[in-house]
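So that we are looking at the same thing, I have put the structure below in structure tokens.
As written, the chain order gives the labels A, B, C and D, with residue 1 at the start of each chain.
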Amino acid sequence: MSIKISQNFDAGAIEVLSTADVGNIQLNLRSDSNAEFSQWFYFRLQGARDQDATIHIMNAGQATYPDGWVNYRAVASYDRENWFRVETEFDGKVMSIKHTPDTDSVYYAYFEPYSWERHLALLGSVEQSDQVRVEDLGSTVDGRDLNLVVVGNPSAKKKVWIIARQHPGETMAEWLVEGTLNALLDPSNPIARAILDQAVLYVVPNMNPDGSVRGNLRTNAAGANLNREWMTPSLETSPEVYHVKKKIEEVGCDLFLDIHGDEGLPYVFVAGSEMLEGFTEKQMQEQTAFVNSFCAASPDFQTKFGYEASKYNEDLLKLASKYIGHTYKCVSLTLELPFKDNANMPDLEVGWDGSRSMKLGEAMLQPILTTVRNIVKN
Amino acid sequence: MSIKISQNFDAGAIEVLSTADVGNIQLNLRSDSNAEFSQWFYFRLQGARDQDATIHIMNAGQATYPDGWVNYRAVASYDRENWFRVETEFDGKVMSIKHTPDTDSVYYAYFEPYSWERHLALLGSVEQSDQVRVEDLGSTVDGRDLNLVVVGNPSAKKKVWIIARQHPGETMAEWLVEGTLNALLDPSNPIARAILDQAVLYVVPNMNPDGSVRGNLRTNAAGANLNREWMTPSLETSPEVYHVKKKIEEVGCDLFLDIHGDEGLPYVFVAGSEMLEGFTEKQMQEQTAFVNSFCAASPDFQTKFGYEASKYNEDLLKLASKYIGHTYKCVSLTLELPFKDNANMPDLEVGWDGSRSMKLGEAMLQPILTTVRNIVKN
Amino acid sequence: MSIKISQNFDAGAIEVLSTADVGNIQLNLRSDSNAEFSQWFYFRLQGARDQDATIHIMNAGQATYPDGWVNYRAVASYDRENWFRVETEFDGKVMSIKHTPDTDSVYYAYFEPYSWERHLALLGSVEQSDQVRVEDLGSTVDGRDLNLVVVGNPSAKKKVWIIARQHPGETMAEWLVEGTLNALLDPSNPIARAILDQAVLYVVPNMNPDGSVRGNLRTNAAGANLNREWMTPSLETSPEVYHVKKKIEEVGCDLFLDIHGDEGLPYVFVAGSEMLEGFTEKQMQEQTAFVNSFCAASPDFQTKFGYEASKYNEDLLKLASKYIGHTYKCVSLTLELPFKDNANMPDLEVGWDGSRSMKLGEAMLQPILTTVRNIVKN
Amino acid sequence: MSIKISQNFDAGAIEVLSTADVGNIQLNLRSDSNAEFSQWFYFRLQGARDQDATIHIMNAGQATYPDGWVNYRAVASYDRENWFRVETEFDGKVMSIKHTPDTDSVYYAYFEPYSWERHLALLGSVEQSDQVRVEDLGSTVDGRDLNLVVVGNPSAKKKVWIIARQHPGETMAEWLVEGTLNALLDPSNPIARAILDQAVLYVVPNMNPDGSVRGNLRTNAAGANLNREWMTPSLETSPEVYHVKKKIEEVGCDLFLDIHGDEGLPYVFVAGSEMLEGFTEKQMQEQTAFVNSFCAASPDFQTKFGYEASKYNEDLLKLASKYIGHTYKCVSLTLELPFKDNANMPDLEVGWDGSRSMKLGEAMLQPILTTVRNIVKN
């Protein structure tokens, strides 16, 4: 069997330059649909069983986040269920994966994928619960369904919104949401019970279905970076934001969490809304309480490393969490998970992965409960 | 929530005419890619929870096999894991599905789907066995991988070929193959051990990847009906047959099984090669022994109902099992599974389904062993 | 941690002579309750992690079936779920197990155990099916429940009886029954459907609960060998046979299968009733058809090796299958499974085990169907 | 089938007075071995399918904790896997269970049982982890193994002890420990990682094996209440405490948690050591920090309801947590789980159960981490 690289499957993304030599396979990252971004990759290698394969990503240095390759290790899987990290180098220009696969077929990706089939299975699974309604919010540019999972009683006092994967290549965001939903629906989980006594959760597990299936890092099918569309979303090029924003206007929002992945920083952290004009003392207290509660709930969460405080400018409101925090005067956070690992608790075998993201999604119920109790009281 | 019909997912296929009235939803079957065939459908209905939905397939009477709708009941699922039959009528022109869904989201299909993700997961799973190699045979028209699963030792005396899903809408064929592969790799299964003592199996779980993902009934991406391409397959329009035929030429063939679904007949049956010129007495005896052994192994298999014996003409060799039987002078059969049910053992809840197909695929090891033993002896 | 041997758990059985030296642990087999038999052993070894342990069973040569130790390998497990074979020698007097355990705690047994907890879980599980009733037949000597599983409609034309584990140390018999029951209740199994169309099955998964929990090889709590009690069972010393015999008298019997394990022969085989006075031609034909069908259904079943045909004498009717064959003029068989392995298809890792027994129990549905069809026709 | 009550299985306990009338079944609680205590019951009812059964526990008013029957509902199960609550009344003298079983066989118990087989399976399962050693501490009065699970590196700075089920009928204690162990060994759990960075855990999942199998509420086989034996345990009548106490002396203790169930109070709470002579300020701060952290980690935990502060007297040191707190000057707590329910978050279907206990055992890692960090710092 000769060497073959393929990518025609859900989220598959790569360009093949040369496969003649298993020790010098040359590939290129592919750009997002109608956009300049490039970083996500996902491909299958066949024919290299028991051979020392070296896969060079020739244009890695021109990726959107070249820092993403520093201290980065690619993920690999034989069965697309169990993913592990493999030796990876970056010389500033080329990223090289070195691996001796055990079988004829092996997959490599930027991060553990979360397929559209799994997304639909997740919706189908949670909808079996009496506490859940799955709503259609509208259609994406490519005509996929944009679904909302409503957990709890819509007439509950407080409305908690969680949206994930505006940037479709940040699959850890949907893994986190799966963990959150599972925990919410676990009848033995007392935090879930306590939250649902006072709040209803509106969860969008995947804000960017088209980009997810297409294998984009940051954009939807029209090339829009959804997290820059919250001021003036359009039905034509950013219907995903348009529909969610409209639904928020309809039901309100008391706590907003937008889940992302960060290509560079090997930590879990949040970016808050404290730079916004009109940010209130009450918002500040509640935001701090959320953060402290999250620290207690999960040692994977931390506050030392993160984004430098951004200064206010009007463009900030193009971002989901800033727009919502500004508009609804509520705690509104962007939660960032690493692509690489949590450097405070590195896992040599799997790095940061879907499973740890799910566990974080479960732990996140604790700060949510803290916040719900605070805002009910206030 | 208003009524919505969508189909942008793996194997999704339908055209929407009207969704204004939940009691009179009007849809059309869609044609296969670049071809006239139409029969397969798979779509999602949202917004009809607890409402009496009636879904009319307006052009059902013009489908490729209108008889397929007689005594037919569509399959439905809330979670895409558990599929059940729903009330369905056909007046000769319009097929009507009547159902009151329990949840906001429900899927309807012609038959229990088998997704490309599941296909890739199957390959990944079986490749973990020491007895399995997964080989790439080439690429499809759309650039998907055409994979071969080799079970056992390639130097074994006898070569058994099983191919499935030349017609991509006949998903029961791949369900059957999954059952066969699971049984073959079950270390407690003595029939599997006995087969693998003397034979190697070459299994193509999905002959038509593109048609499967596109939601076609019978053709590949180029519009070719693969089971009419075995005389002169081309790399351009029927590479799937081209590659498999070439591999058979390379390794040989002592028993050939081509797995299909039949739209009309509610029975499991085989079509043999007895009408071929030069069909030998030995072939006849072995074919009969296979059939008798299958009857003993599974009451779902029967010989009373089936296709009328076709007369020989040269076009017959365009079909896989005829071509192989003629060329290799071996037992070569087309196995047909029902879309509807086994009328001898009807199941009101699920009809014929993926699970029964898998069980049949497991039972099929018995006639395979019978045949392997016969041909080793002869 | 010093070396410790313990046995106070379900079916635990051993006597400790010396544990001072891990390379020379000396143990004795323990006798059955109130009886001379000895063969079964089941104990836990602690403290030998990563050490070369040698365990001598000093009185193995005086066991009931010393031939049982020839070419025998003991089974071991770390988690009591996964059992594997370990190196074992027998010099005619002492049997020696040599093993270097991976963990501090490891179990050794004569054969993969089947606990009373698992028995009760099996009853609870099958009773969830609409097709099953679990009946109490009476109490054992120690006051345990003797349960009957009735599968199918009691008014069905034909009555099939399967009893297992009259000899409690023959745990493979109950593993087989678990396989049979699972297959019977699998809605996708067409053989099960076909059987239940015409027959009801009366299954006693464990004829000897007390002996099972006590860790006996052959007797109940009163020291009775139940398979010698069928002529004149007593409520005092063999209530297990008394109650089952009475129920058979009440409902009748058209096919009787008594499941056993054989200590010596490394094969699966049956002993029939052909030596009985008044054994009819019809019984012979049906018995032969059963055997032939079983051969087709499972290569683990064979007819070459087995017991020599016993001559008739009145004591024969003390045995279950002879008594029932004689009384009900039906096919009545003792099915023997090996303790060691199937020498025709040896498995170096696990030998014959629970899983292969279950698979055989599933395959046994095929000769049962053959027989049911024959006797319905006749 | 007539009505039958039986109890000869692991932890089975009841005495039968009358089963003549399904509407008036009369039973008595049985005393613990060699002791006056009585409260635990566990029995099987057969023959009452679809009948309105009323089961009177005639001597319930003379149980050790008659308050335990106030607002109490018995648990029932068909398959011994899924347990649910059934209607139960108490008039001060007689407790009456009213239930119409769906099947012929149903089990009733004081609380969801945790069998000895499950205990051994738990040991076998956790021992598969590289982080775990399972040690033998000695033997019980009946000759069962008393095992210790060591999680993490014994040379770690801090030693955390968790013991459960000194009172064998308090099965929720072992359910909790199973939850704790699962969470500790979950590679995705960051709290577990953080704890194991600095501490080793010594866990005794079942302090009272004999009482557990015998179906006792409070005593071991010799009739000893183990939680009154910590001053002067004896090898003859309380070897379980003797061996554990000795091991604690050997390795030390920095945090001690003794898990119990409370028959009367429908809440989760702890009893601390603040009444002890020489209780230090540091102990008080750390105890308070543990309690506060537990409150944050689980809304099932609370501090409003609990035992009144006991005054100090020398007999107090007979209790495990007081003895250890006094001797090792560490945080030492008795954690009490309800038999009934958590009245703050009642679950009508299952009440308090094994699953909620496991979840609490997982949440308990958070206060353990808090305490480990505090004592490492101090």
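Assume a residue touches a chain if its C-beta (ideal position, glycine included) is under 8 Å from a C-beta of that chain, and two chains touch if they have at least 3 such contacts.
Chains and their UniProt names: A, B, C, D = M14-type cytosolic carboxypeptidase.
Not measured: the values here are computed from a predicted model.
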Tell me, which chains sit next to both chain C and chain D?
-> none
Measuring centre to centre with C-alpha atoms, which chain is farthest from chain B?
-> D
Take the average of all CA coordinates in chain B, do the same for chain C, and state the distance between these two points in whole angstrom.
-> 41
Cα-centroid distance, chain B relative to chain D, in whole angstrom | 54
Distance in whole angstrom between the CA centres of chain A and chain B is 37
What are the residue numbers in chain A that touch two or more other chains?
-> none
Inside the complex, what are the residues of chain A that reach chain B?
-> 1, 4, 6, 8-10, 44, 46-47, 77-81, 103-105, 115-118, 120-121, 123-125, 127-128, 133-136, 139, 142-145, 147
Listed in rising order, the residues of chain B that touch chain C in the complex are 186-191, 193-194, 293, 296-300, 342, 345, 347, 350, 353, 355-356, 358-359, 366, 369-370
